[in-house]
Amino acid sequence: MTGEQLRALFEQVRAGAMDVEAALERVRHLPFEDLGFAKLDHHRALRHGLPEVVLAQGKTPQQVLEIAGRLLENAPNVLVTRASCETAELLQARLKGAEYFPLSGAVRFWGDRSVRGKGRIAVVSAGTSDIPVAEEAQVTAEVMGNQVETIYDIGVAGIHRLMSNRERLSGARVVVVCAGMEGALPSVVGGLVSCPVIAVPTSVGYGASFQGLAALLGMLNSCASNVTVVNIDNGFGAGYVASLINRV
Amino acid sequence: MTGEQLRALFEQVRAGAMDVEAALERVRHLPFEDLGFAKLDHHRALRHGLPEVVLAQGKTPQQVLEIAGRLLENAPNVLVTRASCETAELLQARLKGAEYFPLSGAVRFWGDRSVRGKGRIAVVSAGTSDIPVAEEAQVTAEVMGNQVETIYDIGVAGIHRLMSNRERLSGARVVVVCAGMEGALPSVVGGLVSCPVIAVPTSVGYGASFQGLAALLGMLNSCASNVTVVNIDNGFGAGYVASLINRV
Amino acid sequence: MTGEQLRALFEQVRAGAMDVEAALERVRHLPFEDLGFAKLDHHRALRHGLPEVVLAQGKTPQQVLEIAGRLLENAPNVLVTRASCETAELLQARLKGAEYFPLSGAVRFWGDRSVRGKGRIAVVSAGTSDIPVAEEAQVTAEVMGNQVETIYDIGVAGIHRLMSNRERLSGARVVVVCAGMEGALPSVVGGLVSCPVIAVPTSVGYGASFQGLAALLGMLNSCASNVTVVNIDNGFGAGYVASLINRV
Amino acid sequence: MTGEQLRALFEQVRAGAMDVEAALERVRHLPFEDLGFAKLDHHRALRHGLPEVVLAQGKTPQQVLEIAGRLLENAPNVLVTRASCETAELLQARLKGAEYFPLSGAVRFWGDRSVRGKGRIAVVSAGTSDIPVAEEAQVTAEVMGNQVETIYDIGVAGIHRLMSNRERLSGARVVVVCAGMEGALPSVVGGLVSCPVIAVPTSVGYGASFQGLAALLGMLNSCASNVTVVNIDNGFGAGYVASLINRV
Amino acid sequence: MTGEQLRALFEQVRAGAMDVEAALERVRHLPFEDLGFAKLDHHRALRHGLPEVVLAQGKTPQQVLEIAGRLLENAPNVLVTRASCETAELLQARLKGAEYFPLSGAVRFWGDRSVRGKGRIAVVSAGTSDIPVAEEAQVTAEVMGNQVETIYDIGVAGIHRLMSNRERLSGARVVVVCAGMEGALPSVVGGLVSCPVIAVPTSVGYGASFQGLAALLGMLNSCASNVTVVNIDNGFGAGYVASLINRV
Amino acid sequence: MTGEQLRALFEQVRAGAMDVEAALERVRHLPFEDLGFAKLDHHRALRHGLPEVVLAQGKTPQQVLEIAGRLLENAPNVLVTRASCETAELLQARLKGAEYFPLSGAVRFWGDRSVRGKGRIAVVSAGTSDIPVAEEAQVTAEVMGNQVETIYDIGVAGIHRLMSNRERLSGARVVVVCAGMEGALPSVVGGLVSCPVIAVPTSVGYGASFQGLAALLGMLNSCASNVTVVNIDNGFGAGYVASLINRV
Amino acid sequence: MTGEQLRALFEQVRAGAMDVEAALERVRHLPFEDLGFAKLDHHRALRHGLPEVVLAQGKTPQQVLEIAGRLLENAPNVLVTRASCETAELLQARLKGAEYFPLSGAVRFWGDRSVRGKGRIAVVSAGTSDIPVAEEAQVTAEVMGNQVETIYDIGVAGIHRLMSNRERLSGARVVVVCAGMEGALPSVVGGLVSCPVIAVPTSVGYGASFQGLAALLGMLNSCASNVTVVNIDNGFGAGYVASLINRV
Amino acid sequence: MTGEQLRALFEQVRAGAMDVEAALERVRHLPFEDLGFAKLDHHRALRHGLPEVVLAQGKTPQQVLEIAGRLLENAPNVLVTRASCETAELLQARLKGAEYFPLSGAVRFWGDRSVRGKGRIAVVSAGTSDIPVAEEAQVTAEVMGNQVETIYDIGVAGIHRLMSNRERLSGARVVVVCAGMEGALPSVVGGLVSCPVIAVPTSVGYGASFQGLAALLGMLNSCASNVTVVNIDNGFGAGYVASLINRV
């Protein structure tokens, strides 16, 4: 219930067009938070060009289809993450405009391609195996209206590969860095650039990588001050926050 | 060695003012990276109004004094973090302009108070015991040229305290949220605002909080998409990144 | 061996109807605990309307069938938890009255539907993916004679969804809260209601959720004083204790 | 803002005693949640006989004194937990009616001693070293208006000690069980009684007890269905929830 | 090289039947440890009635077949543990006398059935799902010449089931206790008997049982002094040590 | 209540010397388990020459004094473990016959020095720093009536030290092995002897020893089949079980 | 850009054959690091006889084929690690000279078989199940120009097997030791030899081996001073470093 | 017992100078391993210029004094590690030639300063706080006869500091890298040099560094193939192995 709606209600009561009990009833059955927040969420998304997002993991293909379909009625941009092949195929078969990214399992509906970001977002991966996570970040940042530059396979054990991309990194307004194994890349990138760096540990590795724990701990302990961290393999979250920063 | 310096070198060689061997020697003994990066770091800091920062933990009071003293010769703003009482007293006795914040152990030299941030940074704590960490974030963000608003003791078990501060939160351009125990506050704040939220797990708690591990894991798994995380008790890092975002 | 039986024994001895050796033999071969406890367990269940429960996990379909069949001879209400499809189908084929809940794997025989709870139990889930665990709690609480109200998908990142259900929550006599990822919902619910809250961490999530560990630790560190915790994904346990509380 | 207050506001607007803008202003500046919740918290505590609670850990003696003093102006019963000697002495010196329990560090102001619980709460400890945690549960349950019976040192390795207290346990309406080391006692007690059992792991032990982790995991995996768990050493939480259950 | 062989060597040298160089050569090419230890191992096994044991896990069926076949040439009793169905079928098809225990994956060749243990070994399981591990202990203890009594499903939440088996437990010379979930049974059994108790944590459970870690930690922290522990699911090790104790 | 006492009760009832109500009363007020078990515990200890044991850790010096004093009235042998200097001094000052072992904190009252073990117990330590734990095992085994041979500082990195003690090890009936750091010694010893080996991980080490966790895990995974494990630093438990085995 | 190239550039500028802008352009478009490092890497590999290595895990068969094919154009020796059957078959079908090692998944192209190591490398495994990891070390060390001696199945529980191989171990210039379970072998080997020992924990084991964690921790805490450690199952890394040491 | 001694024994027997029983006795009472190994250890150390090493941690000052004193009778170089101030002062007061390094707690007796290493060892630290660990490596490598070059404070967040030391690093024959926090430096150094890199995680850091665990895991997962790892804070071990490699 917006301020305008509340004002209207008061006006009606003053004007005698609605009696007190009826007004109370309206307030009771249209609870402030429920109506207000829910709408606000929705409207805010539309106004700001934020996409609607569906996490497909743990939902049936049919459930994802229904949710995505309903969202597409109001929103030009809808992003489905972690979709299985089966889910992706159903979405492509039944909904118009679905792009499928099989590495990361993203399905994107990108109706409104306005650019909203003020600068460029760089999405970096340490190795080839980290690309699926980087792709999720890229797809997310793009659907949120950003120009994204990807720089893949510049891990720290071949520091020259990183150094030779220094200018591209320096030109970015936010950098997303995806790395598994020891997860050292965000620290080195963080030292090279002066913008915010969002570190994404990936589950790439074996043995004492403990499915990304080593990389996660490394990134949390980064000696570079401009690094923050998201969950293991959470390319979506990194792309989302990078987009928010880029539109600040 | 900047582009200009390199151009000058070539000009001298062409003009015969320097012979090839001497030019090679200059390049060899003034290696690009060493000279270049070191200066760049320094100059960049000054140009951008970034403070010089000294982590006092693990250094003797005398060492911190020497480092801080030398930095203050070039930099108007120097921040010392995690200083012991003894270190803080030494700095206050020997260096002009030292502000000491005993809760967090920060010592701040704040010569250049220009505002560089474009908006306001909100620093939030879940409980009273989280304030030392929040203070570190605040002190950092201020010395980096930001207006900071602190909102303390609005933990999730009394959700109304949080709700009644919704407007102040919504008015911020970045929000730093410090919380120990279950670390749930960033998720709730993240759902209320649309700007980036930087979550700082604190070591507040006992038993299965495992010195902040519970809060850390909670924040990494936040269901709010606009949350990134820094190390346990790392108020400095959160304030630093918030400042970078606010000046983007 | 009940007090009455023991008295009768003494009476018989006094009356000379049984000699001492025979009495000793009876006591020896009907050991107090074995007979007593075993019967008591059984009778107590029947007297109190507690269901017989079979954990199907780790048993063959045939074993579960045999156990459930035997229990149904004495008990009107039998609950089988964590049954595979195959087990459920066998139970439905061979035993009358089996309801199967495929999300949670529960199979319920609900012959005695008397209401025994004094109030209403609310079962809440943070997200859609937590519903299987919530369903197990619901099914359990119902078969134990309670009115259950389910409120799904009111996670903390959309706090208004929770707030708009405040009255339904406040009306409950016990609340079961199922949440994965950061597991923050029980703390917020705990702050809104004044009744006991039973928190169930779920294994929903990825990466640093570590199969529910993050949620578990969060709930154990809840800053709300009215929260207790059960094992990860243990909807049954939560429903069971909620029922005991509701009939206190 | 209660329903009555909202009705009054509408009445005033209808009567012309207040214009629309003023009504809107009242609603805006007296936000529903803030005023409402804050008051409700306070009033609810008083109405229900819930004590005000202060966690002293992480606060200075002076801070605890101020908070306790202010609370005592409105509340007859105030409980301070985890107070240091120094804090306890300050409270005893400056505030009337402070009882100090040095084992657990609790300080209790118990002005209103009405009994509110419907039955008896049993507080059990496995060993002598678990008594401080049990004491915190006892002190909490008492100040919340319950009759508490303590049964100490009945660990599972001497099962007869437990068995000989079976009747006292069976007579309770809720049982709190505090145990360190392997934390097995709640399972055995849970099998003996049919009421809810609240298990409190304690940090008693050494080596692979990992400061209570072993006991915590054991209790979470209890094969008794009527057991829920609170944080390590959280006697307060157990006493609190036991009290809520006992007054349901 | 036994003492007798060494003596013979010296005698030959003294008698001039062998010269010094040849004697040195014999000692060099028949290294003491290699020959000695290898033989000793083998002979010791035969003399003491210890079985030869093959851990099938991580070996191909063909490898297991070859090893078992070779061992059977010298040893009447051979035990293969953790065999897959495929391995077991191959062994049964190709080697005479193979008994297969599908629950635990043991394959036993039990040619020499002499009883070597001085008393009875009791093998106890807390629940039905722990039986595979208990079976491995039983099969091992039997093939090593012991009378084994199994007592299944006497978990601590139904303490009477345990109490009614007290005499059978007290009659044993060693007790092996297999339990998953909270792993509390060894403590209770340990308190009832005065003989050594070997505790085997099993991976039975879910959630915070962490594949047997909860049970393992519980058992290591047992408050009963007569309990030692083996690896998770290591029924073989428990049966082996129980046998050694029983023949001491 | 022994069988004889029960028989006498029946006899009295039959003879009319006691009426049924009185008999029931006696049974009720002298509950079988309580009286029976408590006495049995006590008598069993005395009959078997088991010492009474007090864990001083977590008790005040005065409490330990009282308990030890009371125990000494009935028991010739009392062992206090993990006593502080202060506790030990109090015990020595006030009770006759106290031997204090400052390395391990044991205080021993050894009135009855009969040998009850059938063979010799070897107590082995890997390094000098493990001796305190080994001493606790030794003191325990001695007070329980065993001949103990200690072999210190024979860690696996100098395998010859171990090999040269092979005969002493082979002559033992049980071996207790205390080792910190990598905890490898029990496996090597286990391969050299054919008797049971009780492994005690110690908290000796630093860094990734994690206070004995590395040694504990190593011992649990021993490739020697005759090894069982007790808690970190639990020399007492190892000595206790070794004694039970030695008297089997 | 090598020193010679840089000198030539200066010479051209001095001679007027190139103007300053063009020289700057060359430096700008042939960035020092990129060109320099990339070439150096490549040349260094060739000059030193280091093989090119491809980690197949996480790449498609086709990707591995393309990378390996391209590398083989310049390098005589290429090693592919952790290849699936499918990848190995593709490589064998399409590239000449592929040797496939199915235990470890290595595929080796070994064109240049010059011996570059100064001594012999011993590769040791504790058990049969550790051989796949040992094989990876062996294959790596061979393709890097070393003579490799393998000694398998000499685990510490049969110390004589190890002792009888003492001379072969002592003759090696570096020893690689692969062990799972308790991971004790490197400590014992380390004590027998005076050369560097590289320890490889393997994931062999079950229960509390936690997929190699027990072995890893054991090796990190080795009491032998000459032991360093690589990641769990990282036979490649061990073989690689052993080769570097052997050619020092 | 060396080959020569054995030959002499045989000669005496042949010559009739010793009878068979006496020869057997000598072999029995001078066991091969004990005498041989013990001496060999000692002699080997002297012959190879390896120092005798005493770990002071866990020993009393007096114990360390005695051990060091005895060792100095035979060895020119003795290294005491992790000595407390008190121990160091005692050693300096009572033994000639003690150098004390208070940062690392090393005490060095460096009588024989011959250079035995073939090249230079570089010891690198990421930050100032890692210097104590680096110092221990340096002191160790020096006393073992190596030229050591230290390069401190070249952490990865200021990559230019590292790059400008590239030549010094490339000139080393082995590199020891000490780093706490995220532990990323070994990977970057490993990529720059082609010699073996020994990584030492340090306990420097806070929060999620978990006392060096983050650095340890990072180093174990290094993407540089030439990196091996030692225990947290084990500068001694790194210096020791680096010395062995340098003298290969």
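The letters A, B, C, D, E, F, G and H name the chains in turn, as written, and every chain counts its residues from 1.
Criterion: contacts are C-beta pairs under 8 Å (C-beta built on N, C-alpha and C of every residue); 3 or more make two chains touch, one makes a residue touch a chain.
Worth saying up front: this structure is predicted, and the values here are computed from it rather than measured.
Think of each touching pair as a link: the shortest run of links from chain B to chain F has 2 of them. Fewest steps needed to get from chain B to chain H, stepping only to touching chains, is 1. Identification of common neighbours of chain E and chain F yields C, D, G, H.
Listed options E-F, E-G or F-G contain a single repeat of the B-H interface, assigned here to E-G, on the basis that more than half of the contact pairs agree by residue number.
Of the two chain pairs shown, F-G and D-F, the one joined by more C-beta contacts is F-G. One finds 55 Å separating the Cα centroids of chain C and chain G.
A separation of 41 Å divides the Cα centre of chain C from that of chain F. Centre-to-centre, using mean CA coordinates, chain A is 25 Å away from chain B. The residues of chain E that reach two or more other chains are 158-159, 163, 207-209, 213, 216, 220-221, 225, 231-232, listed in rising order.
All chain pairs that count as touching, in label order, are A-B, A-C, A-D, A-G, A-H, B-C, B-D, B-G, B-H, C-D, C-E, C-F, D-E, D-F, E-F, E-G, E-H, F-G, F-H, G-H. Taken in their complex, chain G has these residues touching chain F: 126-127, 155-159, 163, 181-184, 187-188, 190-192, 205, 207-210, 213-215, 217-225.
Across the complex, chain F meets chain D through its residues 31, 33-34, 36-38, 40-41, 57-59, 63, 201, 203, 211-213, 216, 231-234.
Note for the complex: chain F touches chain H at residues 128-129, 158-161, 163-164, 204, 206-209.
Across the interface of their complex, chain D is touched by residues 3, 6-7, 10-11, 13-14, 16, 19-20, 23-24, 27, 32 of chain A.
Looking at the complex, you find that chain A touches chain B at residues 44, 48, 50, 53, 118-119, 173-174, 194-196, 198, 216, 220-221, 225-232, 236-238, 240-241, 244-246, 248.
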